[in-house]
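This report concerns only the one structure given below.
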Amino acid sequence: MELVAPDLHARICAFYDEYGFVCDDEIERWPDLFTDDATYKIVSRENHERELPLPTMSCDGRGMLRDRVTSMLRTSVYVPRQIRHLIANVRITGREDERVGTIANFAVFESFEDTGSRILAVGRYYDLIATSGPELRFKEKVCVYDGNLVPGSIIYPL
Amino acid sequence: MELVAPDLHARICAFYDEYGFVCDDEIERWPDLFTDDATYKIVSRENHERELPLPTMSCDGRGMLRDRVTSMLRTSVYVPRQIRHLIANVRITGREDERVGTIANFAVFESFEDTGSRILAVGRYYDLIATSGPELRFKEKVCVYDGNLVPGSIIYPL
Amino acid sequence: MELVAPDLHARICAFYDEYGFVCDDEIERWPDLFTDDATYKIVSRENHERELPLPTMSCDGRGMLRDRVTSMLRTSVYVPRQIRHLIANVRITGREDERVGTIANFAVFESFEDTGSRILAVGRYYDLIATSGPELRFKEKVCVYDGNLVPGSIIYPL
Amino acid sequence: MTIGSIRTPPWARIPYDIYSDPSIYEREQERIFWGRSWNYVGLEAEIPRHGDFKRTAVGDRPVVLARDKDGSIGVFENRCAHRGVAFCYRTHGNAKALQCPYHQWTYDLRGNLIGIPFRKGFQGQGGLPDDFDPAEHSLTKLSVTTRNGVIFASYADGMEPIEAYLGEILPWFDRMFDGRELRVLGYWRQRIECNWKLIIENIRDPYHATLLHVFLVSFGLNRADQPGRVVFDSHGRHYAAMNERLDRDASAEAKREMKSIMDLQLEGPKLLDVIREFPGRETLVMQTIWPNIILQQQSNALAIRQVITTGDPGGFDFHWTVFGYATDDEAMTQRRLRLANLMGPSGLVSIDDTEVVELTQKGTGPFSEAQGVIEMGGLTTGDEDHVITEGPLRAFHKYYREVMGL
Amino acid sequence: MTIGSIRTPPWARIPYDIYSDPSIYEREQERIFWGRSWNYVGLEAEIPRHGDFKRTAVGDRPVVLARDKDGSIGVFENRCAHRGVAFCYRTHGNAKALQCPYHQWTYDLRGNLIGIPFRKGFQGQGGLPDDFDPAEHSLTKLSVTTRNGVIFASYADGMEPIEAYLGEILPWFDRMFDGRELRVLGYWRQRIECNWKLIIENIRDPYHATLLHVFLVSFGLNRADQPGRVVFDSHGRHYAAMNERLDRDASAEAKREMKSIMDLQLEGPKLLDVIREFPGRETLVMQTIWPNIILQQQSNALAIRQVITTGDPGGFDFHWTVFGYATDDEAMTQRRLRLANLMGPSGLVSIDDTEVVELTQKGTGPFSEAQGVIEMGGLTTGDEDHVITEGPLRAFHKYYREVMGL
Amino acid sequence: MTIGSIRTPPWARIPYDIYSDPSIYEREQERIFWGRSWNYVGLEAEIPRHGDFKRTAVGDRPVVLARDKDGSIGVFENRCAHRGVAFCYRTHGNAKALQCPYHQWTYDLRGNLIGIPFRKGFQGQGGLPDDFDPAEHSLTKLSVTTRNGVIFASYADGMEPIEAYLGEILPWFDRMFDGRELRVLGYWRQRIECNWKLIIENIRDPYHATLLHVFLVSFGLNRADQPGRVVFDSHGRHYAAMNERLDRDASAEAKREMKSIMDLQLEGPKLLDVIREFPGRETLVMQTIWPNIILQQQSNALAIRQVITTGDPGGFDFHWTVFGYATDDEAMTQRRLRLANLMGPSGLVSIDDTEVVELTQKGTGPFSEAQGVIEMGGLTTGDEDHVITEGPLRAFHKYYREVMGL
């Protein structure tokens, strides 16, 4: 266990809470939670562990994050669904300058208009959070999902 | 992100922890977590989003909360089950007078005596918490479940 | 709700976060999170409620915890899998001398190399944490899983 | 499957393979849902405006209902005439035309094919053959009828008018749907792990109410000594049961039979703040309309419960539409919504029913050669002036056997 | 399915369709579980007092066992004689009588119908026909027998006494169940994704233990040079294998064959603090009693493992009852509980078995025309003085083919 | 199933039972995957060194491919010759020999049985019969061939060489696999809830791209006026479609047909930073190689998509292998990885395809007697110089019907 100023840990937990909320219900704001030059990746555990570089989704910079949102909201064709994040076990793994390394576990569920809920993905975040601004922002976010076999598609961010 | 006195956020998180505990294992105490004039509702996302007023379960005041408990414990006929709450991503959304608006994500699992565990419901709470008394109490609690198709019944509170 | 020094609650939450992390990804360190004389048990809700003493897994002392790890890593034959803990609703239930009684809810998911993720177990921890050393340690840990019918095997700790 | 003797007609027994056998299930689809029946598909109030559409199903088959410009309603399969995409993937919406996402074949609100991109090819190449006739490639349309705001569809040609179809049950149908504009208050959807017929039978079994529903009985809401009766259309396929709430105490005889009485008091009595709104003395009217709905009037709580089969003899989706009238004032709406606590996935009454029908699937599934016994009330299948009878179940099985050729 | 030649009798091969084919599965239910067999259903210690009941299953069929006032035991189907509800929805309990929730038909603890609400109607209306005879509408009862606290049930009439049924295996059965009162220490339940026979075969395969179970071998708990043998009843349907633990080091020959040996030391040696409690030199006795149980005595760890089929050739529920004797002192109970770490869903030994049987389902499912080869130990099917044999598997398949008419 | 008339040949219709009928599914396994076909199983680059192995499947059947000492490749069933364990339970690895965990029967990297513990018994007892011939108990081996680093396997004897098998499609295959060493960049795995043929048909349907894929169209990446064409082998079982990206604006005619155009601009244009790397003007080449793969070259994004059936007509596992060349510099690798955003489980293009094929299963499943209509581009089944055609689908169904005997 790292010794960390409790307020930083609390701020980071609150930031993850915000992240989950935004993914689930205010997807247009999703890019705002990243720094301009942030990288975002969704990666299968298989590729992650075998050190194969292929991501399932990747955005390099806020422009690409915004393009993803455009596709979710305007261009992609898909059956409507609601995702729901549960984020827990947030841990600070390192700290240097104005960046904090964090990990956290996630479970993301998905529900369709006339079905129940199912597991979309569970896994772990490996993140780098920029602490320099007034608000925390992801500088890097890597979402590693454990179940390599994706049920259908991952349309919204994990 | 709201700026909130950290102790209030911690108290609220602890209150949600208590709520989950009581729902899962001390259901008789469930009405005690509400104010006398509280309203409690379980609502499908479908009705919630379409602004259709139909709740799946609703209690108006503590008397009705207690009647629900009576039915769970004494009058309803159902195969015994254990529910289990995971509550995460608690956020304070507003504050006025002695009330705090909060949201949180929940996953509720259910298990029968000779089966494994399955998802009963995942979704979000939209709550109003009264902070005036010595203990926090729900003034309003709305549990919106994402998977509109309920597997069987929702007998215990979400 | 117990009144507890907030820093203790935070330390305990961090300890659970650590525990989940270690179970999922650094299993060799798992015994280190226990005191030398700790007892660890996984118990079905059925046995727990009927007061039947049979555990599903039990370790009495750190030696047995280490033997379990040896079996997971070296001797047991099983299809590779990744488990993932979500721990929430951590509550302090009592405190005396240098021990804190805690409960928490868990959901543990499992994923295989070419499948999606499924629920392995959900349930509740009933723990006793030793606070005397520089780091928190479990003195007793009882993992009660709700879904009595285990899907296959529980190989890694809950 | 040979059932029946001089004493016991076949319909006084329920052969349990009808709840689990896949070939019987398939025959049900053909003969019942896709046969000579009017299937409920929705309410006019759900698609009030031009372009409104709603997705639902007739048995296993997905269909769409839509409101055309002239106010008429089309019901057609949710299966693109091109290559079979279930093109309508929202539960409801509003659109000028319905477009399949795959190749954007476009249909009007009656299901007619009105647009095919690249039909004439592109830059002189490709396209459909000159003799391709879009008129032959419309969506499969169902016959449609409505009565007082309720929409029915049928795969059969030349179906009798809905009024003739409902027959003797029509007055009861009209009591609930009296021409007033309806207001949908919301939906419930449940997955119930049992054969679809079990929930229909549950309603056609007035005998169980004072025994199973301890909540009703203990809080004095339902009693064996309440006057009740059951009526049918001439085929016995539709059914209505009525009860009157009494204000005097339960009789000793009633208490003796209803062993589960606990004499409880509501702490939140507002739950049952009901008022009389329909003519007649009946406070509870439950109906089943062959083949796919249940109509409920429990005091002021009104609902349509629709059975959606899903290719599985052992389970179905149960869609509830809870409604009131456009003329309801706020107090009435609140009354209906509070009373909704009795019904649906968390219904103080419905919970019991959901559980017992699922337990019946568990109890009958591994016993394909066993039979249920439905002799309460004798061997009658007609109208009766009391509810201590399984006549409605016998009538159901008599008609079911006839349609199914069993 | 033609198997066999002069050299190779049919039972030296395992045709893989028996693990996946639904029609074979159905025939197994009829001929094996519901045929001429005594199925384990529970222990007397689980229902010691008047009114105690327990829910379990015989093959796919849910049944209940209950203790009557006179101490006798009834076993009957968990299917209400009225309309088929699996009325007993708790795993166990205590009740004066068993009541179905749907219409409260009530049965005594032998399964006799003793109460029907509104049987005579109400206020002179309804009710059952006068000639309705409750005696004809009891729950379906199974034959019951017990031996030394173990309860068996059968669908067949005129079954031989359990002692004759167990035949030559009786002494081994009696070794574990010697008349002492049993104490249930707890239950495990697992869902295993393979055909039920694979777990029975796993036990009837003493050849795998020193090869698969690296834990046992590496910590010196199981070795090829331990004396062992296998015995059967005259049909070959029941089976027992015995091993003796040796204290000397493994022989060179043993080490050569058991390639996975790692020579590890337990850091928590208390795990294996065992004492000799049964007569004879055997420390490990595993039995299979046709058709549905495995009996385990691994030093002081005692368990019954029951197969519950669930309508699915590709999976079953596995119910373990772990027990000791009422006379055990606390130290002995703790010993049994610690040793339980070897077994069950987290068993240091059982994990391996669970995995390989599931992998066998994966490996055989898509190969319905392929066969397994069981020739280890020659082509024998009888008792042997060693355990490097697949004779017990051949004996199983010989009897299985006979019963199944394959 | 009678389809076809003078005007309409049978292959201009798709009978929907081929997507759901279990008996058709089984016949497909026998005749297609396990019949006279070369099934893709992997890349040489995945098992470069001696002892490397990979687990995959041919239709429903699990197989393993492994690299032997001499550099040759073996492909054999993942089913232990002893009792059927799917012994290889890792997706990949390196081993000197493959050992089944159950009884440690050991196979060399060609699938030959080379080790049987206790084959000669132990201490003079047990063991296999003297005449037991390990050579008769090897793993079932498939025929293997490779071309330029791509590995195929077949259950059929005497298959034609892969070059002859690929026929006229060979140059297109060789364009992607030109002999350069490949570098695997990673894998994707998806569970898709539809019949496996629907995803093959999706690729053989060049007509949908400018209609379904709003992302491509709106950002100007795909347009109807891009030159394109389709080619086949002589059987019509393999297929390639090519497109050229144009730099001029879309024509008015193109815009008219592609109604979903939105004229958007990428905020992160780096996504589409592509360079020309293959000879010729084609920027997009999609191929299907009968029966189980799709080859994709979308500018610099290269992938093999493999269909793994799983015993279920209504769903399959879809395994993607994304690759580049060993000679790629870092910039090229990054380019491929960025462009990978178009494909896979989160692909800006693939999402659409995954959704429509699943919707097709929903739309066709309950309509086993209905048919799809594939007449775009006339009734041709051969090469064409444009992509406004369903010729590739007709060619597919023509060959499919032939192989299946439908």
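Letters are used for the chains, namely A, B, C, D, E and F, taken in the order the chains are written, and counting of residues starts over at 1 for each.
Quick note on the criterion: a contact is a pair of C-beta atoms (placed from the backbone, for glycine too) under 8 Å apart; a residue touches a chain by one contact, two chains touch by 3 or more.
Keep in mind the model is a prediction, meaning the values are calculated, not measured.
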Have a look at C-E versus C-F and report the one with more C-beta pairs in contact.
C-E
I'd like to verify one number: the distance from the centre of chain A to the centre of chain C, where each centre is the average of its C-alpha atoms, in whole angstrom.
26
Chain-centre distance (mean CA atoms) for chain B and chain F, in whole Å, is 48
Chain centres from averaged Cα atoms put chain E and chain F apart, in whole Å, by 45
Among the residues of chain A, pick out those that touch two or more other chains and give their numbers.
10, 46, 77, 79, 86, 88, 107, 113-114, 116, 119, 148-151
Mind pulling the residue numbers of chain D that touch at least two other chains?
89, 91, 101, 189, 191, 212, 317, 352, 355-356, 359
Which of the chains touch, listed as pairs?
A-B, A-C, A-D, A-F, B-C, B-D, B-E, C-E, C-F, D-E, D-F, E-F
Can you check the complex and tell me which residues of chain F touch chain A?
91, 184-193, 212, 214-215, 218, 262, 264, 266-271, 317, 322, 333, 337-338, 340-341, 344-346, 348, 350-352, 354-356, 358-359
Contacting residues of chain A [partner chain C, same complex]:
1, 6, 9-10, 45-46, 86, 88-91, 103, 105, 107, 119, 121-124, 145-151
Report the residues of chain F in contact with chain D in the complex, numbered from low to high.
7, 14, 16, 207-208, 211-212, 224-225, 253-254, 257-260, 352, 355-356, 359-360, 362-367, 370, 372-379, 384-389
Touching chain A in the complex, chain C uses residues 7, 10, 14-18, 20-21, 24-25, 82, 84-88, 107, 109, 111-119, 135
Under the definition above, what is the set of chain A residues touching chain D in their complex?
77, 79-80, 113-114, 116
